[in-house]
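Next come the structures, one after another.
Shared between the two complexes below is chain A, which pairs with chain B and chain C, respectively.
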Partner chain A sequence: MAKMTRRWGMVIDLDKCTGCGACNIACSQENNLPIFKDDSDVPKRVTFLDLVEVTNDKDPKAQYPDVKVAYLPKMCQQCSGNDPNHPQPPCVSVCPVVATDVGEDGVVSQIWSRCIGCRYCQVACPYEARVFHWWKPRYEGTFKKSLNPDVSVASRGTMVKCTFCSHIWKRERDRAIANGVTDINAVTYTPACASACPTNAIIFGDLNDPSSPVYEAAVQKNPRAVRLVHSIDELRTKDPSEYEKRLKIKDYPNPKVYYLTSQQWLRDKISGFKNS
Partner chain B sequence: MSKVINFLKDEWNSYSRNIQISLYVLFALVALFVIFGIQILFWGLGYTDMNNRFAMGLWIIGDLGFVALGGGAFFTGFLLYIFRVDKLQSLINSTVLIGFMCYLFTFILLVFDIGQPLRAWFGYAYPNWGPHTMPQSMLTEVVWCLTFYFIVLCIELFPIILSNKYLDRYPAIHYFAHYLHKLMWIFAAIGTFLSFFHQGSLGGGMWGVLYAKPYWFRHHYFYLAIVAAIAGGPCLMMLVPKIASWVAKKELVPKDAYMTLAKVAGVTFIAYFLFRIYDIYSLWTHFAPLFDRSFIDMMGGYYGWWVITLELLASLTAIVILNVKKFRENDQYFMAGLISGVFAIVMLKVDVLLHGFSIPNFSWEGFFTYNPTFQEWSIFLGSIACMILIYMWFTRYIPLFPEKHAEAH
Partner chain C sequence: MKLERKDFLTMIGGAVVGTGVGTVISPGPWMGLQWLVEWTQDQYRPPKGEEKYLASICDRCPNKCTIQVRKIGNRAVKIETSNQGCAVGQLLLQVLYHPERVTTPLKRTGKKGKIDFAPVSWDEAIADISKKINDAINNNKQEQIVAINPAYPDATSMLTERIALFSGSPYVFQESGYWALSNACSEIAFKTDGAIDYDFENADCVVSFGARLFEGWGNPGRMHNVLSLWKKKGIKFIQIDSIATRTASLADQWVAIKPGSEPLFAMGVAHYLMKYGKRSGAANFGRFTELLINKYTPEKVSELTGVSLETIEYVAKALISAQRPIAVAGRGGKVNSSSVAEFSIIQTINNMIGSMGTSVKLASFTTPVQPVIPKKAKGLDEYIASDSVCDIAIINNANPVYSSVYGQRLSDKLKKASTVVLLTSLLNDTALYADYVFPTITSLEIPVAGDAAVTLTSDAKHAGDSLLGIAKSIAKISSQFPWKNYLETVQTVKHQTKNIANLDIPVDLIITKLEETEKMLSASGSYSIAMIPFEIPTVSDGSGLSLPYVLKGLPDTILKGDTSWVLMNPATASKEGISEGSKIDIESSRGELDTVRVHLTKRIAYDTIAIPIGFGHEEFTDYASEKGVNPKKIMSDAVDPASGYADWWLTRVKLS
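Right, the complex of A and B next:
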């Protein structure tokens, strides 16, 4: 079997995003996420992909009519740590029971049935991407009949997260093997959120593949690209020596999700606290 | 049966009116602990105010506080059995019991706090050791080290229980307890070794390794937690017998023992205070800028400045009272010093947890708040009530204070 060379990543064009929420619904349906009677209790809501409203209304300079709003689909950013060849996402090493791990393709996985629900990984995650089943998951009426058999239903008291729909990759891999294709790197797939996006704002692919629209080396050069709370990216070009120095002091999340936007205020808000 | 009822009636009537009222309150809290404990275990953590943003709350603050303050047991044992500070002999039984209860209730609160208590054994069956000999996850280290140290505390407590006058009548039990007691220095040494690790990992390392979190990530946090436990732990170990003496209206521990331990605690509190000032300074000038965050901005919100100010003021009060002989030897000041010492360490944990979680991760978010629900308060206060009842029971039936016991003989 060939070694896995794919490194899955995502590019989300916020200028194309209309905030319709189709990605959120597709994700919830694909991953068997429960719907509670009161899902207005946002901090306890179980959702892998949160559609976050970002606004500059607290900025004293941005008075009406200059107040701006954008929608940001936020899921697990599939962090790598400083060295993508030896990925160290902040949430993986902290798990006391090895319920979460990072695969050769860079996807951070979670085994629901191994999780003891200590929530230490949730504490470690800087992106608020991990969610906990505070209540017993319930599936009202006929909803239970439409559950996805490829995704196990999590119990109450366990941590769950976005896995870039890696079960779809496994399904595609099995199909490829059935068709006689044994090269693991020949298998490609699209997660539910990217499939559902009506404006093609969410693009998924291999960050290592030069022919992919998400080829990382090209995306990093894109002036519209910004990563979530990752202001150190600025230093890579502005002050390379400081950048290298910081990488020696500590790990940075180094997420595999890039956001694109031409709006400076939004880039400032997303990149962190430095310019916002 | 009637004998038992009569015995219980006599016992109850032997207490003063004030103690009886206190017992009513404690039993009520224990009842709430049981009722809401069942609710949380069977229906889940949805009944708490914790959420996906504020993932840990009152019970973990309690755990961190219990372990840091219970750490006084390892330090007092270390001084007595390894450094041979014999004056502490009269404090050691009480100290072991307090340490035992602190660790026991840390486990109990953890059982409520984890989402899948029936899977708690996974921590032993599937530990995250990582590629090297040291555990990869700080929580793995905490689980194993707490377990081992709790076993040590059980062994240390065993001869104390066996010295009950009814059990002590049997020669076999008497000699077993006697020789177990003689071997106690070995367990004190093992306990010290283990305690250094988990004090560091639970109190500091667990937070210091979170490299993506600006208020927690610090290389030295592990060591700060150890010093905090050494400074604050002995304060609780003195405060509890002091309160017991006040309730019993007689001195249960000789003043010498208090003064000896108080001097050590006073000096370690100076070390802790200086270390904490360095800690805040390094966070301000080095660690927060690594995240492109400003320390001043992070200290906003509901639990920022006032928590850290109270913590530092309490530390200073403890330093002054425990180190100045005139204050230390005055009973009221001494109590104030001990309370300040315990309070300072509790506030350190409040700062780590409550303020740490309230800080926003994204620039468009505000600070978060957390108000523990009635269930959380009931389980937390019920745990403390259980600990008080166990201590009262031990004071009555087990020779917890050898000097007082010898006088009675």
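Right, the complex of A and C next:
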């Protein structure tokens, strides 16, 4: 079988996102997320994709009506680290039992049943994209019927997170093999959030593929592109030597999720870069 | 063979070493350990089965999006919407497999006001209901029958309408919403029926007067496509609102106005249109222009709405300079509140800019012929507020006890009624007063082409089939329902688009409404704060709150535990001595809500609170009941005389 050359990534156009919630619901359904009668304790809520409301209203200079609101679908940012030969996202390097690792396709995996619940990865994650199962997942009565057999139900006391729906890729791979396709790179797929987005704001694809709308080299040149809490990106053109220096910092996350927006206030909020 | 002691010990040793090595190498024991872990945690394993994808539709709005249902064996495990529709389609499985779904007809066994039902057979229930309706017809008490349909009508609405009208009752209503308001405007201003339908796809400038177009308004699936199109084409979009909603932030320009002043702002825009030579051939346009010149000058509108003269002029010029401009009426998301007068002013603007008949048309249904009975109440709220006696109510996929600002009065009416039939899939606030509950099915269980995507396993029926069952059992009207089943009925209801031939501007209605609005805006005294609603798209009109994956997406500044939060500008909070998270009580002239908490944000106008709607159900499954407050209980109940629905958008309140 050929070596995997795909490197999955995502581009999310926030100027098209209405905050409708379809991505969040599709993700919960696809990944068998637990059901609770009161799910309003946000820090302890189990979601793989948070639809974060972002507003500039806390800016001291902002006054009504010069305020705006946007929604930011935030999932695991699938960090690559700064060494292409040895990808080390912040969470992977701290896991004592290799419950989380980076696949050949760049997807940061999470094996619930291997996790011992130490939560080091949760502390290490710069994006608060990992959640801990404080309670045993419950699926009251007939809700059990809608559970997806491709995703195992996580136990209480384990960490979980978005895996770019890698089980869908496995499903597509098995289908391709059954159809006689042996080239692993011929297998493509779409995660649940991206296939649910009604405005096509979430686009998924291969960051290495020049024909893909998420081709990384092209996305990086897009003036609307920004990565979450990744102020280093702003230095790429503003201060290239400082950029090169910072690139070498250990555990530089280098996420594979890019956001697009033409709104400067939103870019500033997302990147965390301060001009001053 | 003689076995030496040494050989015996060697064999035992070999077995021990072999078992040890085998244990380490074989996955068996480790798998056993994993099973043990899973067993101790009682971990559930979803059963595997054959995978299939079946076609179906989402029928939760008029868009009727096509979907694919992923099935494993006989279980539906995912809805594939393929980048169309909205979150509602994704939620269909939560309705389908809701553990509290009604699966059999229910008959009340206890007092009204509680969920106290026992299963009953379809035959017994329908025989009793049809006998009551027959008796009402025979005893000349037809006018004690009322039919209530959902806000967006479908073919089942035609059936309830037919049952009431052929029985001789004039009381057929819809829940409050865009369709009802828009139709009321059409009857008065266009002298025909139909909901105002905009050609968003081909527009090049859109001014929305409070319609939160991308937050559940109209057909959400269509509006999502429209947004993608607008972004591609770069059309001009101006939003008028008092909150920085997502729609306002997606607009090229958000015009922030005083809460509830949209009709006045529309007059300001109309004034500038007139100034720049835009005229209308509509009846009463002369009187309308007199009103603009003498009473609603831009200066006065600017003062009343808090919008600068330049901005009002800018909006007018944007409409003038476009090739296919549209002015959109219908404040709100899925839940709308407005007045016929406000709709009429905005349609007059469309007429002045030449969009009527091109970018603005009417959408309606053609239905089989039915009797025309003069209306005795124009809308549901007017009916509830009246002294009309209700003895038999058929409530079709609606929850008016919750959704109407007159919910309390409706519950009093329903308590006294002998027969209240509710068609629903989940027991809701209205079920507290129902005598019979008929279980309905999801669109996944309707055979679209051949088999249904999901086989119906309960005793539930499509609302249309239940209504046909009732109608066919009523001796005097059964012949008016020749259809075998609901699917046959659907074929008789055709969508049509109509041109608007005439506009008759209801100037007197407009004058009254504008005067009322001015009063509401300037209300002072103890009710110094304006209260306006906002909507969470997944919660929508409240119907989404019963679905647990909706709860998973709610910010804790909307609902935390059982407590609702309201939005307030920090400047207002400082004046009122309120800080982030403060508990407050909100009181209007109609009453007081349970305590809520305050989230401070500069997204909202001064001296205003924005309150989420869709919360505060008295009864709506374990997931939604008693969560937050229902602001409709204290919202403005002034009934719009032209539509018969309360215009509850702006309510004056005081805080304590």
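Keep in mind that, in the parts below, the second predicted complex is superposed on the first by the 269 of 276 C-alpha atoms of A that agree within 3 Å, B and C clash if a C-alpha of one lies under 4 Å from a C-alpha of the other, contacts with A are read in each partner's own complex, and residues count from 1 in each chain.
Everything below uses one rule, namely that a residue touches a chain if its C-beta (ideal position, glycine included) is under 8 Å from a C-beta of that chain, and two chains touch if they have at least 3 such contacts.
As the structure is a prediction and not an experimental result, all values here were calculated from the model.
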| item | value |
| --- | --- |
| Clash-or-fit label for the pair chain B, chain C on chain A | fit |
| First, second, both or neither for A:Gly103, with chain B first and chain C second | neither |
| Contacts of A:Pro84 with chain B and chain C, given as first, second, both or neither | neither |
| Partner chain(s) touched by A:Asn32 [first = chain B, second = chain C, both, neither] | second |
| Chain B versus chain C as contact partner of A:Lys145, first or second or both or neither | second |
| Partner chain in contact with A:Tyr64 - chain B first, chain C second, else both or neither | second |
| First, second, both or neither for A:Val131, with chain B first and chain C second | first |
| Chain B versus chain C as contact partner of A:Asn200, first or second or both or neither | second |
| Which of chain B and chain C A:Thr55 touches, first, second, both or neither | both |
| Partner chain(s) touched by A:Ser155 [first = chain B, second = chain C, both, neither] | both |
| Minimum Cα separation, chain C to chain B, after superposition on A (Å) | 8 |
| Contact residues of chain A, present in both the chain B and the chain C interface | 45, 55, 136, 155-156 |
| Residues of chain B that touch chain A when the two form their complex | 43-46, 48, 50-56, 113-116, 119-120, 122-123, 126-128, 130, 136-140, 142-143, 206, 209-213, 217, 290-294, 297, 357, 361-364 |
| List of chain A residues in touch with chain C within their complex | 15-16, 18-22, 24-26, 28-30, 32-33, 35-42, 45-47, 51, 53, 55, 57, 62-65, 67-71, 113, 136-137, 139-149, 152-153, 155-156, 192, 195-200 |
| Residues on chain A engaged by chain B in the complex (per definition of touch) | 43-45, 52, 54-55, 58, 79, 90, 93-98, 114-120, 122-128, 130-136, 155-159, 228-229, 231-232, 246, 249-253, 268-270, 272-274, 276 |
| Complex contacts: residues of chain C adjacent to chain A | 34, 37-38, 41-49, 72, 75-87, 89-91, 93-94, 96-99, 101, 214-215, 220-221, 224-225, 227-228, 231, 244-250, 254, 256, 537-538, 548-556, 559-562, 569, 571, 601-606, 622-623 |
